[in-house]
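Every chain is named by a letter (A, B and C) in the order it is written, and numbering of its residues begins at 1.
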């Protein structure tokens, strides 16, 4: 059974339909990249999978928890879904370690010692073990983003969502975040990521999804999507604009 | 102008003034504590509650902020007994102080809460926190840090406004000043003295609140950096 | 004898609002003038002037308005003036306003980007010319919303002058209450009139503030 199952999802903002019937399945251990033009609905899809946006119709199921338009069972689902945003959104009033420990403590109810060891473990995973006591705004953007990844990982999610996590970063900081994600993928994390880093998507993602006008326009193995795009829209997207 | 200042008769009644000062301190202390808590509570309810809650809280805030403290005091002091609730002058005064400060504090804390960016709330929610947990752990502390100076100013204003309670003969500092004045007839000297006491009190309270701010939101911490970013 | 709270009592209270308004307008004008000087002194290049203005603001904002009222009332009498209470009331409210407006306007003047000083210096403006043509026009736009907001505080604080016998709104309410013993009705009416005066001003202040922010952001 797939970890993430999206079926016939429609999402409207007022009168504007942003997602027009999305079907998507992500198997355990799979890395799925979502690419597409600005405004094609990529972020909205991720936010729906995390329940940050309510869907009008369709069904989303993550490791056995489903959300429907009523929005029930959200918290259970969110425990299994980590999301990392473009703007890192660390809590400015908490130190790095506290940022990571907070949700395991109050949401999962783990002991302080357990939360601490989870924080140390995930910080080490993103290569920031020594910044446990730092304040978020003393870190570089790339470091903050890695802490945000660690914060999500500490919840031991079944799937991680990444929404253009390197877009706000200077080019020289992008690499360290991408490397972190690549390591995560190698360790078997199920990942769904929106990205403009085509090289990264092609190398790391098993599957790539091209979204266009609120629909899954084309999808398949990354090699095929980048090597032999079928639709003219995808060809134009890959050919124009991006290196 | 053969007028000579004579402070001795006033100083001779310092005991009365100190009694008044003590009551002023009590009114201000309890009033600030309870008023601040009321403000935080209502700002929170307004944020988490539904439309009806929001309208009710806003109505309370607007009503209080657009009528004089004195009139609020008179309504409570004279009005409550007429509907069968007996209040001593001190109780009426304290109620008025709490209700008044509560409204201003609600407004200030609300501004602080709204200054916390939506993305912070979404980050909390996406970590499976409940709305209450998000408020408690993600929103509240930064919100309070941001508006601490504005809140502090309001506390000082409220402390000074306790003087109005003399209108319903609560024997706080201003009322005692009037007593001493009628005994000594040294009006100007009495009021200069009492004014200076208030001034000292205001300065001390500001220092205290600044100190408290430095403890609650220490410089160099994440909160310290947020301190005072939203104010009026 | 207990009277009823009738139309005539209501009209009496309503009519007394004119003293509240008059007092507000006079003390705003007088206090504004003084407050302007305080703001100029507070942003002056002369350190002693700055200290003096800072001290003034600190004192006015650090003492109850009620004490300013008593000090004005007894102070004017001591100085040998035999004046109606309304004058003492106006003086005290003006003093109060000067401290708060001075501080508001200091903030507005200092909110004008310092490059504006530099640019106008580069054009060889004199200091008064800088104020007149460059700084004050910009400071004014910033100052208007909080100044309007302060007006509400001023209206409300005039209620305390009832204690020296000026029959404005609060005092009128007290008189009627003493005669009718219907505190809810009477003070409710008084509160309603204050609200009708203050609320539109509050709304205006908020609108102006919103507009200013929109313009600065955009």
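Quick note on the criterion: contacts are C-beta pairs under 8 Å (C-beta built on N, C-alpha and C of every residue); 3 or more make two chains touch, one makes a residue touch a chain.
Please read these numbers as outputs of a predicted model, since none were measured by experiment.
Asks: Hey, which chain ends up farthest from subunit B, C-alpha centres compared?
Replies: Following the centroid criterion, the farthest chain would be A.
Asks: Averaging the CA atoms per chain, pick out the one whose centre lands closest to the mean of every protein CA shown.
Replies: Located nearest the centre of all protein C-alpha atoms is chain B.
Asks: Report the inter-centroid distance (CA atoms only) between subunit A and subunit C in whole Å.
Replies: Distance between chain centres: 55 Å.
Asks: Round to the nearest whole Å and give the separation of the Cα centres of subunit B and subunit C.
Replies: Their C-alpha centroids are separated by 20 Å.
Asks: Measure off the straight-line distance from the CA centroid of subunit A to the CA centroid of subunit B, and report it in whole Å.
Replies: 46
Asks: Taking the complex as given, what residues does subunit B use to touch subunit A?
Replies: Answer in residue numbers: 119-120, 122-130, 133, 137-138, 141-142, 145, 220-223, 225-226.
Asks: Note which residues of subunit B are touching subunit C in the complex, please.
Replies: 1, 3, 62-63, 65-72, 74-75, 78-79, 82-83, 156, 160-161, 163-164, 166-167, 174, 177, 187-188, 191-192, 194-195, 198-199, 202-203, 232
Asks: Which bits of subunit C are touching subunit B when the two form their complex?
Replies: 59, 61-67, 70-71, 74-75, 78-80, 146, 152, 156-157, 159-160, 162-163, 170, 173-174, 177, 181-184, 187-188, 190-191, 194-195, 198-199, 202
Asks: Using the touch definition from the top, list the residues of subunit A that touch subunit B in their complex.
Replies: Its residues touching subunit B are 50-52, 75-76, 78-79, 81-83, 85, 87, 89-95, 102-103, 106-107, 135-137, 151-152, 155.
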